[in-house]
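Naming follows writing order (A, B, C and D), and every chain is counted from residue 1.
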Amino acid sequence: MQSRPRLLSQGVLEKMVCRCGPITKDGAQASYIPILREADPSRLGICVADNAGRVLKAGDAEETFSIQSIVKIVTFTCSLLDSGMDRVQEKVSVEPTHDGFNSIINLATKNDSKPLNPMINAGSIACLPFVRGGTLADKSDRIVDFVKKMAGNPDIHVDEDIFQSERSAGSRNRALAYYMKSTDVIENHVDVEELLDAYFRTCSIRLSSVDLAKIALVYANNGMNRTDGVELFPKEIARMIKATMVMCGVYDESGEVATRIGLPTKSGVGGGILSIVPNQMGIGIYGPALNAKGSSVAGLALLEMLSAYMDASIF
Amino acid sequence: MQSRPRLLSQGVLEKMVCRCGPITKDGAQASYIPILREADPSRLGICVADNAGRVLKAGDAEETFSIQSIVKIVTFTCSLLDSGMDRVQEKVSVEPTHDGFNSIINLATKNDSKPLNPMINAGSIACLPFVRGGTLADKSDRIVDFVKKMAGNPDIHVDEDIFQSERSAGSRNRALAYYMKSTDVIENHVDVEELLDAYFRTCSIRLSSVDLAKIALVYANNGMNRTDGVELFPKEIARMIKATMVMCGVYDESGEVATRIGLPTKSGVGGGILSIVPNQMGIGIYGPALNAKGSSVAGLALLEMLSAYMDASIF
Amino acid sequence: MQSRPRLLSQGVLEKMVCRCGPITKDGAQASYIPILREADPSRLGICVADNAGRVLKAGDAEETFSIQSIVKIVTFTCSLLDSGMDRVQEKVSVEPTHDGFNSIINLATKNDSKPLNPMINAGSIACLPFVRGGTLADKSDRIVDFVKKMAGNPDIHVDEDIFQSERSAGSRNRALAYYMKSTDVIENHVDVEELLDAYFRTCSIRLSSVDLAKIALVYANNGMNRTDGVELFPKEIARMIKATMVMCGVYDESGEVATRIGLPTKSGVGGGILSIVPNQMGIGIYGPALNAKGSSVAGLALLEMLSAYMDASIF
Amino acid sequence: MQSRPRLLSQGVLEKMVCRCGPITKDGAQASYIPILREADPSRLGICVADNAGRVLKAGDAEETFSIQSIVKIVTFTCSLLDSGMDRVQEKVSVEPTHDGFNSIINLATKNDSKPLNPMINAGSIACLPFVRGGTLADKSDRIVDFVKKMAGNPDIHVDEDIFQSERSAGSRNRALAYYMKSTDVIENHVDVEELLDAYFRTCSIRLSSVDLAKIALVYANNGMNRTDGVELFPKEIARMIKATMVMCGVYDESGEVATRIGLPTKSGVGGGILSIVPNQMGIGIYGPALNAKGSSVAGLALLEMLSAYMDASIF
């Protein structure tokens, strides 16, 4: 018989943040663009939002930062919602991969040139054209709006400084996109520079771990926004998102996270982590000191502690 | 709030087998060894064992066949149980991969030469030396015994004809093993031929889908054998097994299975499928007509139908 | 004792063109840009220029076409001449590879990310910044001028239509260039779009097989222009060019060409072939019907016949 | 006009060995088997045999050592001679590759699974079955005999201690061979263990740099043994051997050697180097201190000095 997870209290959460704080010293901020290097690496915060309407916060939970790769789950969601699974999957697989987030190898070695997964850069870029919108800028607006709606926070916005920085440091992503254009994963009429602008724009959404927790809760409830009872997307899409998160959400330590933590999780180099306890809870974490693989080092420790405490693994 | 899965009845199960029967025509038996070609491709059977002690069967549920790759979850379990996670993970990762079950590419391109996953051949072969036993033959005996114990069936045995066939057709597995010996994943004192004999022996265990369902139920209950209340292995191991099954259990369609079916699943070229509804149910399926990727074509269809009916996806 | 090569006569050359003519039917024009598809696939011409000052022509020797990949030997020559071997080799290796001309795999798998060879697209693009010139446009002008000088033909020019076509179909080359920028093979200050414009411009040089033969003769004489006695580049550079041509000059059939023909050879998708009999002779061929690997199908047959006739293999 | 190479004298050769002696300190003996570690790393010797019948020796020219990879040119020669180019090339390509001598990657990524080149381990193992002989032992005897005949030295023999060492350290080669058996490059009836015994036996042939020089001279003369006027193999085979040596004879520095030295060359981890000046001269070198890529470090320096002195590059 399945035991109910232990209930979480404010005190317990604060104690966990306190215990994980020193782990921030084992990491460092992302450095590929100057603006990310400005983050204070000692920061650590968490927010947990549950189906009972409780929103617990501890540490630097209100601090804002750029969403970075976490937006990939929203881009994938919108592409599936707006164009349907069949059309999207013509261009992007949902297969697991150990390859790095910016790998070009599988594009070049797999026969059909399809990016393996919407959780890696190539796959996410390939999803973007399937999002609703007359122009690529409209498509990125749609994603920003979807983030706002799920978080219930109209103040969420694109950070223009981060956007400009991403854009000027985007050679690898340009390589991925032009490669996919050359193999028709990105169709010929799509302007790669506009596509990358849209992509970088969505990566530069600034929000807090509280926002992440609320977004996570929507996925935990299979697309239903509990605050207003509106179904934002159907269960099939929610499940596909969660499955791909388990397989590829934490770069090339996804397997480690699946086995140690057991929750659908997506991290970003901005220091954010979004994690889902299906049917129960959304979790947002912020900690800009990253481990060697690009995820918040103290954030993952905190998430592991939390999952163990609540016995929340889906496995 | 999570709805309870719909209850399954004998009638429903039989109807599903009936509906999936024609799908067997879309596949063909494995052909790399003659003996597997002898299977009747029109066979299809299923057994579901649950925590209420119910054991439902439909179709060719009692038919026996070789366990093949499904034994990998037992080998991994025993290696973790007997040598501990740390020692095993020095030699085998638990990262997802899209590569084929017999791929040598990652062994050759990843810096540390570690097989990515215990669910692919290389990883499973590398796990075997960590199973308890004075000799490699003892280690394979231990795995056979563990299968018997989980299934509660003393009649399960190694099929000598299949074993001899596997052995004589084992060039690719020999290549994998010798490669790993050359990179010290398999330690120098291990005799590769004996290791492969042990490996092929465990692949040749003959059992039925009823046995698979009962084994699956032990994993569903995180290592606890519900019939006698004995804990065969701790929850941590059960979770690691289920997580790796989701990521890599169904060869290079693991991602498809995770998103469409959402249950920890392992298939074998003998036609068997073992699938787990955590905390509730074990599922065993037999259908020797395989799809192009090496899994039972009608079996996967049946499993998808069943998962949808019960709304059982873990995601 | 080495026998002297048989002397070539006008009649012999014409007979060879005649015999190889029907082979043009086994190929087809390049089709990745519309303008190359306009070429007449039945064309076949050859010019041989030797140290005695003889210039033999047969078939469509005066027909002009775009130089395409053959310009890579000139780009490599100019980069070595203008920046020295050491600087160029910091960014580009001279190792053989079987990979296709537009492969990105080795860039992604070799540790230092250096393109393997200046005869493949990535390597040639990486050489271009080392050519003398204040701007990238100046660098491409330098290459065009060098081609004119070696051919002794002031009428050689860039075909603007081909240039525009190449440019608009350049996604794969953009991917290669941005990838190399992301790994610092192309330095950060270099504008990739300008670099590719320069690259496409040099690929669009229009000339005839007579021009190719004269250029080849300069390489045959290790950099010395026999018509005016001027040394255009030193012997060390000539040898490096010829060695890389043998290893990689004919895409992924370089090995076949080395063993069957045995002459330093470079082909282009415009239908041209430039081949060198060291110390004796320059050969230019035109035949726009390409084989599956991108070289003139009848042109290679003609070259093999010629090499056999003259017993000219360097091996 | 081609200048004649400068004539070599005993004094010049001794001076070169003297100058290159200190370079031996930059390398180390092969260490993958204990017996190779016993070689004295300070040794350096050379022998040059020419068409005038002169045999110049300097340094440790008479020292014997194991032929190792240099035997690959003999194995390839015998396979072409005994089975014809067409049959051999069904199983082995002659394309250049930058991959290491024991790489398995191309076997696994190229569609047809053919080893790229008879100068790398996989390709050489695949050539062996094409050598004449009722058993695999007979085939290795044929290769040993061919080496003796070319060198005109009946005392050349297989070193049993080295053979046993090679054999017991052969996991990587076993991996390559079993992999090729699994893809039918090595046909099903061939016993891999016997094949590897034959392979290791030929690698363990013990000879001196004088022997290598005489063997090289046969290739320099396109198969003709100048001492007795007997044609051992036709020119077509000689050319194919020399071309593959230029492309792949010196492991992954073949390109460097082609551009810097410009002579068909094959090195072995026993410290030997065999190099050919076409139509003129055979060169044998011994220096067991190897560079990081597995060739004699002082030996290559000596060869470069010699080639430059004689202006002998074929390019």
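To be clear about the criterion, a contact is a pair of C-beta atoms (placed from the backbone, for glycine too) under 8 Å apart; a residue touches a chain by one contact, two chains touch by 3 or more.
Because the structure is a prediction, the values reported are computed rather than measured.
Participant: Both chain A and chain B are touched by which chains?
Facilitator: none
Participant: Name the chain whose C-alpha centroid is farthest from the C-alpha centroid of chain D.
Facilitator: Ranked by distance of C-alpha centres from chain D, the top chain is A.
Participant: Taking each chain's centre as its mean C-alpha position, how far apart are chain B and chain C in Å?
Facilitator: Centre-to-centre distance between chain B and chain C: 55 Å.
Participant: How far is the middle of chain B from the middle of chain D, if each middle is the mean of its Cα atoms, in Å?
Facilitator: Each chain reduced to its C-alpha mean, chain B and chain D end up 47 Å apart.
Participant: Measure off the straight-line distance from the CA centroid of chain C to the CA centroid of chain D, and report it in whole Å.
Facilitator: Chain centres of chain C and chain D, defined by C-alpha means, are spaced 32 Å apart.
Participant: Return the residues of chain A touching two or more other chains; collapse runs of consecutive numbers into ranges.
Facilitator: Counting only residues that touch two or more other chains, chain A contributes 109.
Participant: Could you please write down every pair of chains that are in touch?
Facilitator: Chains touch in the following pairs: A-B, A-C, B-D, C-D.
Participant: Can you name the residues of chain A that touch chain C in the complex?
Facilitator: Within the complex, chain A touches chain C at residues 103-105, 107-109, 171-172, 174-179, 181-182, 192.
Participant: Where on chain D does chain C make contact in their complex?
Facilitator: 1-2, 51, 93-98, 106, 110, 116-117, 238-240, 242-244, 246-248, 252-256, 258-259, 262, 264, 278-279, 313-315
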